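Could you have a look at this structure, given as structure tokens, before my questions?
Think of it as A, B, C, D, E and F in the order they're written, each chain with its own count starting at 1.
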Amino acid sequence: MRILIINPNSDPKMTEAIRKSAVGFAGERFEVVCEPTPGAPRFIETYEDDVAAAPGMLQLVKDFEQEVDAIVVACHGDPNIDAIKETTTKPVVGIGEASMKIATMLGHGFSVVTTAKRSIPPKEVQARKYHLQNLLVSVRAPDSDASDCENEQLFLDLARLAVEQDLAEVIVLGCAGLTGMDKLIQEKLGVPTLDGVVCALIIAEGLVRYGVSTSKVLGFNPEW
Amino acid sequence: MRILIINPNSDPKMTEAIRKSAVGFAGERFEVVCEPTPGAPRFIETYEDDVAAAPGMLQLVKDFEQEVDAIVVACHGDPNIDAIKETTTKPVVGIGEASMKIATMLGHGFSVVTTAKRSIPPKEVQARKYHLQNLLVSVRAPDSDASDCENEQLFLDLARLAVEQDLAEVIVLGCAGLTGMDKLIQEKLGVPTLDGVVCALIIAEGLVRYGVSTSKVLGFNPEW
Amino acid sequence: MRILIINPNSDPKMTEAIRKSAVGFAGERFEVVCEPTPGAPRFIETYEDDVAAAPGMLQLVKDFEQEVDAIVVACHGDPNIDAIKETTTKPVVGIGEASMKIATMLGHGFSVVTTAKRSIPPKEVQARKYHLQNLLVSVRAPDSDASDCENEQLFLDLARLAVEQDLAEVIVLGCAGLTGMDKLIQEKLGVPTLDGVVCALIIAEGLVRYGVSTSKVLGFNPEW
Amino acid sequence: MRILIINPNSDPKMTEAIRKSAVGFAGERFEVVCEPTPGAPRFIETYEDDVAAAPGMLQLVKDFEQEVDAIVVACHGDPNIDAIKETTTKPVVGIGEASMKIATMLGHGFSVVTTAKRSIPPKEVQARKYHLQNLLVSVRAPDSDASDCENEQLFLDLARLAVEQDLAEVIVLGCAGLTGMDKLIQEKLGVPTLDGVVCALIIAEGLVRYGVSTSKVLGFNPEW
Amino acid sequence: MRILIINPNSDPKMTEAIRKSAVGFAGERFEVVCEPTPGAPRFIETYEDDVAAAPGMLQLVKDFEQEVDAIVVACHGDPNIDAIKETTTKPVVGIGEASMKIATMLGHGFSVVTTAKRSIPPKEVQARKYHLQNLLVSVRAPDSDASDCENEQLFLDLARLAVEQDLAEVIVLGCAGLTGMDKLIQEKLGVPTLDGVVCALIIAEGLVRYGVSTSKVLGFNPEW
Amino acid sequence: MRILIINPNSDPKMTEAIRKSAVGFAGERFEVVCEPTPGAPRFIETYEDDVAAAPGMLQLVKDFEQEVDAIVVACHGDPNIDAIKETTTKPVVGIGEASMKIATMLGHGFSVVTTAKRSIPPKEVQARKYHLQNLLVSVRAPDSDASDCENEQLFLDLARLAVEQDLAEVIVLGCAGLTGMDKLIQEKLGVPTLDGVVCALIIAEGLVRYGVSTSKVLGFNPEW
């Protein structure tokens, strides 16, 4: 089995971090192809970034879909995921949807820890898209932008506030750039902490083995 | 006052029909610039069409924003509207959002009449995005695709079913290509019928006169 | 075009303030008739005030409907608006509904700033009536009643708290008596701020020009 | 104990029917005072009827509140009930709210059987006001107005359709004029059937015995 | 009339307290049979406690149903109530559901005061089961477990915070063990305060007098 | 890796069918222990069946938890799952929750095909518990009970109706007894069809590999 992971941005460092997490989970069971998106911004922060990443993401799908069994979109906002589900017959999983839905199976409420305060309203919109607003107890972000994701203590402190003040029972890392911080938070706080990359691979691997994919009977069928 | 209407597809005929409706509403009060989207598909039907229209739409915004006072996106699915709201300081209004929200001020429940059965699930997703699911009594579409929008009787019959069977009190035309059919349905059925192009212009004209636009204090501010 | 603005209370000073805001927006495009409600309380604060204003409001509709093109109800709680929509064939717009729905087109979340803490629960009920509870991030009111609406600094401070602490992206003035304070808040805080009187006029003017009004096919038809 | 039942309309026949049902339930435990509303319409069907009944209803409250222990509003639309809760310190119960909330304790879903098709949208609005939209499986009404409530077979047939087609597990009589038809439907169809008059008396009697009433700490306190 | 009150735990002291509250409300109107649950835990705090109480609770139903007219489940989490509704033809009322639904008739928002912080998420789940999440303004619990319910001042302070900070208009006692504290809080804070035992008896007594019970037409019929 | 699958009923034939599906999915990757529940009813159809299965289910957890890595509850109603999540530190997955949540990642709306009409209301309650009511387009069940699950054509026909009339894009098998029918329906109708047993194993296997389990920081911690 081979799974394509699309990093919707073009940052080689983040691509490498995602690949590392993915390979760690994949082990010997499947192969991972992890690609940055050609022509995409260095970091996906804005709605325009989502849109700017689309052509490159769709190009990656076309380039790789014959040789892979499933596709993971590795940006927590799940940009352009409906278009990708529509254009390919292979299973497609977004790290935002996968991580937030798995979170709901592990605790009563979850909190998303993310990198910038400006992402809080869009993250709440995304949670409502997935009908999770009653279970998302908070979105926690630093006061000033921390998109470099390097300050582990900062995100650990945000997760602690989510648990202690918002009664979060599960922490979801709200940015692919935070990949790898899950185990640190889980160990320090004793709270299940979810990296979306791993969560999406769980679903993607399972869908491939099961032999099911996006429905083509109506709304995701481009030929209908 | 001058308002840019972006037709997210590249069809000259539909662009002309939209322009005609818009000019009819604008009268002497404001000028309309109605542009098809360069590089966009001939008709916006799929999620991939939405994405494919984005670069051209954003280019139109950049080309015209200095010389217009507001921007209307004239596809009922409101494609790429968050990105456009984010990139410009001018007011931006989508015909889907405007028509469905105005519908809720005119009756208890509304129905969207659209051109293809495959659009029903995405239209319901869109209504939920705007928190209108309790007020959207139905989406009515022909069994086979009617994207050319030429068969007036077909859409009139769908609207009649919406009123009689679904208890719709307002009809919303769910495709910019149906522009101009509002008055026919309204007269034949005696039910208020909304063309999104006009609805969006109502809001856009008003916002310009009022001097308010998209908030830049947080989630729509690309520089935050 | 001529639009009747019903001030549901009987206060001449507030009627004058509303008229001033309305005339400022109307310019040369339409004429405004702004009337206090005969027999109504001096200020609409309670549910009983709503009810006490009804006979006078309906009388105003009867007296003026032949000579006006639309009717605006200028109290943010939208009192008796369903009855008015039902009794006249002219378009009817409430300043509460218009301002809160327009707010949702300008930002992710909005806050209502109002005059008395006791109004917070009813305002939340009203937002739920319009299905806006997920978008109303807070209702901000002073600890002690400030129905005279004279302390601009007080309301400016409430709006600032809404932006900074509640992440409001849009401010809605929750009382017709606050009319005129929109521009002050908008300038000081850089956040779009909506006066319901103007918002309702935007919709009302548009509906008149468009030639649509309240649906009479079912629930708002008194003869059905 | 003495409970005032306000019939919001002025029809002596319906007042008598309500009184009869109420006395049947009250037995020796409490006394019932059942009053038609002076100045109200003969039948409450429209939003304007609601408003027209208000002054007489509030007058009845003032006239009787010293000599009664609780107040029931006996129109299924619960007209003006917030104003009444606010103006008196005695418990106030509406037959619509009481019957629909008790219905949710007796089955998974309930249907409201009412007298006119035009009432369907307002009834759905009312159910949403009480957050019951997921439990209200249908509102069933005859095609032509049957406000005289005399055709028992008609309403029995509607209830049967609700059970068989809509999977209603409980029937709620959606009009005070249907009072007394509960036992007929319950016996013929074997489905619990609720007359709002009795339901409201259950709550009202209980609140009086318990010694609790409408909260005056905030939103229902006219002096706040 | 005779009503069986099942205390789902096996604590004789709490059983006695519940009986005392119940008898105080029942007066001469009906007889109360209040039973602890054989084989149940001493206190119902966890999901496993719910499950462990089930066999004994169902046994009590079988032992007593011939000689009683209704059954009340006296644990605020309403454990196993659907199974009990299903197995008996007698009316069944849970103290959680009854108290929270009656609370919504007395004020705009209510707060549940309970004994342990760990109960907050399950209590919110329960409120959502009853579609009350928009009306539940908070769940207040002490930082450390207070299941013995002996510290009246502690719960009084929690209720005060609910009123002052969360704008609760009604207080619901979230544990049968708090029975009897309702009048203290109501007097000290002037806020209606509901003991679920009394609330459930209000409904149960009423249903018996009315002659309605759980629907057996579909989902609660074990023979269907 | 070894996963315990608890069949909450005591039917050896259904246990065998579940085991067969599970082993087919597990392949060489993990071992499956599939156990019927001692003391449980032959088939889980009612709320009382849920409760009757609890002691045996919890006993199985105690007997096996040391030697397995995760636990799957193989009844589509997810009976007693919160108690099991609470009592063990191993990951616990219900086939109902897993299948319905995975369904939402494969299409816009899904339909549950189940064995008895009486299960429709409880299934809708379950979907609301998981906040999926907007995505569950229908529950389809035969008019007369078909709990033996032997009539493949019957369930195929129900699935076809769900796709054609309800616009379901995904089919979820609403009973563990239907295990194995997924591929038949998927091939005949071309619609992704989900067997909950496989779906739960996807999640369970993934959680084990990832090293996360039910949160013990608050509501699922029996010692809190």
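Here is the rule we go by: contacts are C-beta pairs under 8 Å (C-beta built on N, C-alpha and C of every residue); 3 or more make two chains touch, one makes a residue touch a chain.
From a predicted model like this one, the values you see are computed outputs, not experimental measurements.
Repeated interface, listed pairs A-B, A-E or B-C, reference D-E: B-C, with more than half of the contact pairs matching by residue number.
As a whole-number value, the distance joining the C-alpha centres of subunit E and subunit F reads 31 Å.
With each centre defined as the average position of its C-alpha atoms, the distance from subunit C to subunit F rounds to 51 Å. Once the centre of each chain is set as its mean CA position, subunit A and subunit C turn out to be 42 Å apart. Taken residue by residue, subunit C touches two or more other chains at 107-108, 120-122, 125, 128, 134, 167, 169, 218-220, whereas all remaining positions touch fewer.
Listed by label, the pairs of touching chains are A-B, A-C, A-E, A-F, B-C, B-D, B-F, C-D, C-E, D-E, D-F, E-F.
Interface of subunit A with subunit B (complex): residues 46-48, 50-51, 54-55, 58, 80, 82-83, 85-87, 116-122, 125, 128-129, 145, 218-222, 224. The residues of subunit F lying in touch with subunit B in their complex are 107-109, 134, 167, 169.
The touching residues of subunit B, counted against subunit C in their complex, run 25, 27, 29, 91, 93, 97-98, 101-102, 104-108, 130-132, 134-135, 163, 167, 169-170, 183, 186, 189-194, 198-199, 201-203, 205-207, 209-220. Looking at the complex, you find that subunit A touches subunit C at residues 120-122, 124-125, 128, 133.
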